[in-house]
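The structures come next, written out as structure tokens.
Both complexes below contain chain A, partnered by chain B and then by chain C.
== the complex of A and B ==
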């Protein structure tokens, strides 16, 4: 049994560790490329959203490398992601592919089915290794995230363009190769040290801070968002990423699976703009934008796949937040036709606007805190 | 009371209109409905709405803005989370009142009771009675609610096919009810089929318990009500129909997956099928041409 799974940023590192520790052979799909997307969009429904298409591409490319089983998450709505696995299963079946699909549903949705699927996976692994595998995967997840967050802070001040990305990639690979929790910790410590060393010694110390909100897949998958975080970093912008996979796992896997997850804190932040959960990360987008404005971010970038339902609602309401908080917001919609040049132009124009606004603010000394790093601890 | 409530003739109006009008009548309030969808309303909505949202949402916005332009300053936009246990409508409906509020001037008041039957259906009753008693007395609200519910049930029963027998040469028409029943979009479909000798059957004409039963055949539980009904109907009548027409709206999230599943199911069952994607640029001529070709094909199959 050779197991594979769809890509989402650096998530492949913890997931690979999880299945390897359980005793499976893992085939990590090749990094997403143009070919992945072409393969995916050829066989997917035309108006389905982008993640579905890229994932199909991942599966097909992994199958070429010999994978025979796909691990995918399920869900119970209202967002489309919950039905992805079923549609993808049918697409693959109609293609005549022999790939088997194991869907991990939330326990409350269908306990018996979850037990059956878990048995299907674990039956061939070793049950006694489950705790160890979970701990290692969890540590790797935290490791990747803290490295990436450090990179976001360092990149605007880097000495040579592109250096941060290279150092980050090396550090991530070290985490990937680590086989024990202690080595993971060591790799993170070293990685973070190396990343901070990338900084220019006498450069400017107060980059503009832009919050990044939006749909989780497009935020995390650099191929899909055209390396948005890097682009912003190279323009001298520090990106405050508001979506955290560690937090997501805490909320939705630890708390959510036993029905304890509440969105009250988000609803409070979004009050006056959006009255509650709209699926996906729609509520988060509004709530976090509002919070970012309160802690002095210079601007917010929202990124979403074309026709993403929860994010479209948020996109419609964001101008209200923008007006109320005097916070510039840029919504970027991506799909398989998104071109690099147009994307870059829009980002550059947005950053120009923010830096001009900041210069004026400094001159007038009206908002001395504008876009500075106070109150950003949580991001 | 001099309050006049505007009801946009869009989205769930086509499904819950008897309930809504009876309820407001019972509260002693006057209601005004927006006219049937027309070009002007569609343009009004699609000019203002955020790009990327689906056609029905743009139409809905057009209706709301039309009402506001007519000087009606109380508009009924319920937040319909769910109408069946453990199911959703779609994410747009969860944010509908907030969405509408964004586009309306501040003085317009939105009445947004919550319809949520995800867990307990009495939650919905409670929220409607509470909503009603803000506008009139508690007693009136309870009475209006039960009367409205009765009217709704009667109306729904009347929709079913008489005798529960499928007509001969039935063609299944699937899609969101608010697309199918909005004649501005679906008129050409009904016209094309009326002369053809085929009978259109829709999911809401089939009994709901049966649809639910057949939807259980799906490998994964469908959590969108409309999608579940469509796929359930497909399973139910797949062997007794001569064709399937799916009406889908461009950029509709649920349709993007459901129409694909319907197509695959139809292909497996050997039933001819056509998917018509609608958006604000769709011209009737193109739709009619495609439908005529489809009907020709069905007729040829029937004679051969």
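== the complex of A and C ==
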């Protein structure tokens, strides 16, 4: 059994570790490229959102490298994605592909299905290795996130454009190669040190702080968001990413699987704008934008795939947040037709708007959000 | 007399490429060019520079570029400022009228709205997935009716009862327009109807949720069309001003930005001189296969020598701009 899974940013590092530790041979799909997208959009329904299409591309490219089984999450909600495993299974079957699919769902929604699929996986893996595998994967997940968040802080001040991204990639590969928790920790410590060293010696002025909200897949997959975080960083912006995979796992896997996850804190933050869950990260987008305004962020960028229902709802509410909080908000929609030029123009214009505005009003008043009470900088 | 000092602004757009020279003291536009890009931005910039060189003796003391081809024009000319078109249009509008609150810009393939409050851009939007609210839409329909696009606005103003045309989509607008023609509506009424359809489309797509306050400036190539201006005024209930240099506002803004930048830093211009007009430029692109990112690399060469290169994610293949 050669197992593969869809890409989402650096998530492949912990997921690869998880399955390897369980005793499987793992085929990590090649990084998402234009070819991935072409393959994916050729075989996917036109109306499906970009994540489904890119994932199909991932599977097909992994199959070329010998993968025979796909691990994918499923379930009821949080949006169409919950149903994508089924749709993808059907697409692959129509293609005559022999790829098998294992759908991982939360125990509350479909216990028998989970038991069956878990048995399918674990039957061939080594049960005794489960705790060790989970711990290593968890540590790697935390490692990747703290490296990436450090990169977001140093990139606006980097000495040579692109240096942060290179140093980050090297550090991530060290985490990937680490076989024990101890080596993971060492790799993170070293990586963070190297990232801080990227900063210009004669520091520039305080970077502009922009909060990043939106749909989780487009936030995390740089190919899909056209390297949004890098682009902003190169324009001298410190990005406060409000979605954390570590937090997501804590909320939805640890708490959610036993029915303990609540959205009350988000509802409180979104009060006056949105009163409850609307699927996906819609509520988060509103709640976090509101929090970012209260923390003194200069602006907010929302990113979503075209036709993403939860984020479309949020997009319609964001102008109210923007007006009430006097917070400039830019919504960016991506799909397979998104052109780089228009994307870059919008980002540049938005950053220009914020920096000109700051020069007028907030001179010397903005400060780093990291370490502030919002805590978006920490993991 | 010596050469006339001037700042050069260049706006390379998808449909038109505009060049302006402005007076360093008064910011007055000394000369302007409006050229069709015709899918050849390099050739059009070269042609523009030739025409400027023919038009007078200039000493260019600073260069700014904008538009979708701003990077390309920037390396060709040695620009001091390379700015996105939103900022350039806003700066130009503020120069024209410091009290401006709303800038409506409709070009060939994109349209934007820029809100300005107390002299600073406070919000903006661009058309996203459809060109039905842009100049190309009018071009298409004018062609369909066999009318020169330059006469479009004049004829539309003669309308007595503008017809209602479905303007959501260019294709559907066309079938609806044919239908109205067959019902016997006059050409002026149909053209005015098209103007109103386009304005409706623009306001519900680009201007959605934006508070449009006076003074409103209307710029971009489509501002030449009096019918659109009238339809905008009717829909907004506000007076809409078309600045005298409406068609080259982006280039004008770029020139002003170059002036601001150089005056702030005290640097000398990096302008490569009018020799560009005699150089031959070509571009060369390939897909880098050194890593799985497969970046699309574009290299711009001047007289066979690499001038600039972009597209690589890792910074490889980059040519230092000083070597050119």
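The rule we apply is simple: the second predicted complex is superposed on the first by the 359 of 379 C-alpha atoms of A that agree within 3 Å, B and C clash if a C-alpha of one lies under 4 Å from a C-alpha of the other, contacts with A are read in each partner's own complex, and residues count from 1 in each chain.
The definition used in the following text is that a residue touches a chain if its C-beta (ideal position, glycine included) is under 8 Å from a C-beta of that chain, and two chains touch if they have at least 3 such contacts.
Being a predicted model, the structure only gives us computed values, none of them experimental.
Colleague: In the superposed arrangement, does A:319 touch chain B (first), chain C (second), both or neither?
Modeller: both
Colleague: If we overlay the two complexes on their shared chain A, which of chain B and chain C does A:345 touch? Say first, second, both or neither.
Modeller: In the superposition, A:345 contacts chain C only.
Colleague: Tell me which partner touches more residues of chain A in the superposed arrangement, chain B or chain C.
Modeller: Touched residues of chain A are more numerous for B.
Colleague: Quick check for you: in the superposed arrangement, does A:356 touch first (chain B), second (chain C), both or neither?
Modeller: A:356 sits against chain C, while chain B stays out of touch.
Colleague: For A:265, using the defined touch cut-off, is the partner it touches chain B, chain C, both, or neither? Pick first, second, both or neither.
Modeller: After superposing on A, A:265 lies clear of both chain B and chain C.
Colleague: Per the contact definition in the header, classify A:337: touching chain B only (first), chain C only (second), both, or neither.
Modeller: In the superposed model, A:337 contacts chain C only, not chain B.
Colleague: Please indicate which partner A:85 is in contact with in the superposed arrangement: first for chain B, second for chain C, both, or neither.
Modeller: Touch status of A:85: first partner only.
Colleague: Under the stated touch criterion, which partner chain does A:310 make contact with: chain B (first), chain C (second), both, or neither?
Modeller: first
Colleague: Thinking of the overlay built on chain A, is A:120 touched by chain B (first), by chain C (second), by both, or by neither?
Modeller: Touch partners of A:120: none, neither chain B nor chain C.
Colleague: Can you list the residues of chain A that touch chain B in one structure and chain C in the other?
Modeller: 306, 319, 333
Colleague: Given the complex with chain C, which residues does chain A contribute to the contact?
Modeller: Interface residues on the chain A side: 30-31, 33-35, 160-162, 165-166, 227, 306, 319, 322, 328, 333, 337, 341-342, 344-346, 348-350, 352-353, 356-357, 360.
Colleague: Quick check: in the complex, which residue numbers of chain A touch chain B?
Modeller: 45-49, 74, 76-80, 82-83, 85-87, 89-90, 94, 103, 109-110, 273-280, 282, 304, 306-310, 312-313, 315-317, 319-320, 333
Colleague: For the complex, give me every residue of chain C touching chain A.
Modeller: Going through chain C, the ones touching chain A are 68, 83-87, 110, 118-124, 126, 128-129, 209, 292-294, 313-315.
Colleague: Provide the residue numbers of chain B that touch chain A in the complex, in ascending order.
Modeller: Touch residues, chain B against chain A: 49-54, 79, 86-92, 94-95, 97-99, 102, 112, 218-224, 248, 250-257, 259-261, 264, 277.
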